[in-house]
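Just so it is clear, A, B and C label the chains in written order, and each chain counts residues from 1 on its own.
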């Protein structure tokens, strides 16, 4: 039995630490020469950017104040020492009401606030998959809420004074334009998508032309179209409110994109579903409404949310047709002589960017969450 | 035959109203009638409105004298040129900023996209922060940031930053020497064209030879030598015909040289940065889409990691990447219309000014829409060709 | 991938067919219902009015009916909320029917039309609209303002979105003939000027020294054209820096993007106030163009044109006759027959009613905004931060150009 080893092999030295912070650094930051160089580069970037940002946005920032003096250096007629550079949050603070509601009458501002509360109260359970009674929730959110919001925001009935849309502004316009836009563009886009997959050549052709034409032009031209061309399309004496025109433009624009998203969903439904519906003797609309669309729309929820994010960002363009959405009203306030300082513009833009970012980031996270949730069945 | 006759006449339940063909025809006729009806209605309204209000119409105005100046004129243009030419200037400006933006955005996008897949934790996080910031704010805001940033950070013309090679950087833009071509400089151009053709030929032959015999040829160095060497030779031979027009300080601004205006600079940077965030995500998805087996198989064949990326992963990823990349290119082109907010004279801005000076809204907006549509169609056509070449050749 | 291709699908059904088929089936169902039990909502309502109730699913039908009517009501309300009245009546009738004058103003130019802290529009252009509202309704507050960009302004007026365009707009022949506008007069005689930062550019005191400068200008204005003409005529070079909106031009000039700001001189004085340090900036003496700014109306409605035109003249005549906001009520009893006539105190006067307004229209105008002089002083003149001298905008009796035909 000479092949049997008689003594134990010597224990090898313990391997270098594979746990703990040191090993993590070794693995993730200084794995190789190239890695190390990259890390150093990264550290330099962070060390250069971060302190500046923090000192500007927090340490040197002015949070409250009556007018421009708190945000201007002595040389500029203010109280700050020369060379001071910090965010002028006092400006945002003072104009906050305007940024949110535009020139919506102050005593009526409870109305948009109430709408916002109702909206959140209905939306949150809608977004949580575990909360029951989705049907009722959807009816309330998509049918009742628009009516209630319309009555509340526009007024002119039930003793509420009328507030014309030219007094709306700020986040109110951004949110209402994009939410109404999405509510209109989703059904419209679905119809367009169905039309594009239709067997009728003329219907199909028209839908393709519409979708491709709208997707081929920038939103600005669509907005120009509705603001300067549409009025000439209508008979003498009829004219639309500017807000409604922007709404039409944004909705038509989003509908074309939505149509492509929905078409993706329609194509992903296996043929068996269509055939099964046919063999049951369902009519076209029954087939689509009961079998295909519920599956297809569910599949493309992430796509819909992404389109919505795009639309939310795009509403900022209405400032070019002189409507004052969040970005527009922030920009408009730069010219207020009371607050004109070197920091005003920067602070205002950062604030607007932060608000947009908050909404878009939240939505994209939600979209990723649904994607993961819906994806479970298909994982390999 | 008779039985078929019978069968054809037999459909008892199928009255005309139930015949799919008839119904299809009926429905489509209805759509056409409604469509033409509304188009006719709109056209009537427009004609009626224009006549009632005595507004001029027609495209004749395009031949009128523009009377306004444009800041960036890639082709000859003065206030005596026509409205039509003003619109063309705008269109060319749009194309310039779109092409420049597309190139830069692609480069930044690929770098950031690959960075997000990096092993290096810090780099990965920096890239993620970049993507999450730029993806979630409106492009218009990015443009404003760059513009106010550029204006705020750079000095007035008098205190310009002096950069190497006689270039300057200040609030009015980036100035660098402009090449002035003397007599015989056409020779340099010819030499460049010849060098490019030769480089292409060398590359092709080398590839064929490698395919046939496995022998490699240093294509890169040969090409560089050709492309740099030949024009240089021509430059010397034709007696140094090149001189430079240097920017100089004058009362108000720097004069002379070539100037890139801050409007262009900020639009171009903003579009590049914004679109790069989306391209980065596309690239990441593309690389993820290549199955791990491919990488492992390549490694098993003994390829080094650089070669794996270049020869195995990227060609396959490109197939996934190109279609969404196309739509990002289209988006960038369309977003270039935001130039109007910072006064870069692109198509929207010049056509808008023309619209405004002539008051012919219908024609102005139509021209804008058609021009963008054509641009988009051309971009998608080009990208479709690229896509077709990249597509998997199935055997 | 198309999952519905004809070659593969066994149970191919034509899509159109199905749509049309469904329509027919619905139609048939409806007919059946109508014969037997109560059909659609409206019919049910008619019948139930005549003879109460046919029994059967009454509640459900009623619910449906209620919902339908709520829907119609909301649709109607939406239409009212957003759409202007559709009648092809005269502008005066439309204005009276809706109860206010819709006035197109700028997006914000101090002294002419700019919203104050509360969002109320202030300025000479805004006040002119108030004067028209006062003439029509006897109430200067019955006016609504629509801010318009330079690009939108003409379409907005042409399409009927606004009734008056009172937006520091220059009167030119092209705008009268090719754009279908009617300018009613010149509420402010202006001229295009230049402003520079004297601190940064010491020694520049004439526009003729501006060769090579970067010039900030708003696009789509007559200003842009005059600028090109002026520099061309004087053989000077310049870099145009063109923006869509006034605020953007202001910001760019303030940030030092350009050396020179050009627009109407009145505008320059207004803008100077909003700059970081107003004292640094000077307006150069040259005036390079005539810019008669005035309100405009649509062509094709002479009555409305007259009302707006004579509102302007009434403001001037009131100043000439010394009628002010403060003394207008006393003036009614003035011995002067001319003042009495203007204020509509003459017996059996028909001046106002012939115009289409009430006879005390001038009283209403002056009560609402004062006379022209008061309006000027309050908004752009000595009583305002702009402190612009009357200059050529003084009455003709005081050496200016403002001259109104008599009201008689």
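Definition applied: contacts are C-beta pairs under 8 Å (C-beta built on N, C-alpha and C of every residue); 3 or more make two chains touch, one makes a residue touch a chain.
Predicted, not measured: the structure shown is a model, and the values here were computed from it.
Of all chains present, the one whose mean CA position sits nearest the global mean of protein CA atoms is A. Seen from the C-alpha centroid of chain C, the farthest chain centroid is that of B. Centre-to-centre spacing of chain A and chain C amounts to 33 Å, using the average Cα coordinate of each chain.
Annotation: 25 Å between the Cα-based centres of chain A and chain B. Chain B and chain C have Cα centroids lying 39 Å from one another.
Chain A has residues 199-200, 203, 224, 228-229, 232, 234-236, 320, 331, 342, 345 in contact with two or more other chains. Annotation for chain B: residues touching 2 or more other chains are 24, 27-28, 49, 52, 148, 152, 340-341, 352, 355, 361.
Contact of a single residue of chain C with at least two other chains is seen at positions 13-17, 19, 21, 151, 155, 158-159, 244, 251.
For chain B in complex with chain C, the touching residues are 17-21, 23-28, 49, 52-56, 67-71, 79, 148, 151-152, 156, 171-172, 250-253, 255, 262-263, 340-343, 345, 349, 352-353, 355-359, 361. By the touch rule above, chain A contacts chain C in their complex via residues 76-77, 102-103, 105, 147, 150-151, 154, 156-157, 162, 164-167, 197-200, 203, 224, 227-229, 231-232, 234-244, 267, 269-271, 274-275, 278-279, 283-287, 320-322, 331-332, 334-337, 340-342, 345. Residue ranges of chain C in contact with chain A, taken from their complex: 1-4, 8-11, 13-19, 21-22, 25, 74, 77-78, 80-89, 94, 107-108, 115, 118-119, 144-149, 151-152, 155-156, 158-161, 244-245, 247, 250-251, 254, 273-277. Listing the residues of chain C that touch chain B in their complex gives 13-17, 19-21, 24, 150-151, 154-155, 158-159, 174-175, 177-180, 200-201, 204, 209-214, 219-221, 224-225, 227-229, 232, 238-244, 248, 251-252, 255-257, 259, 298-300. Listed in rising order, the residues of chain A touching chain B in the complex are 27-29, 31, 35, 38-39, 42-43, 45-46, 199-203, 206, 213, 215-221, 224-225, 228-229, 232-236, 309, 313-314, 316-317, 319-320, 327, 331, 342, 345-346, 349, 352-353, 356-357, 360-361, 364.
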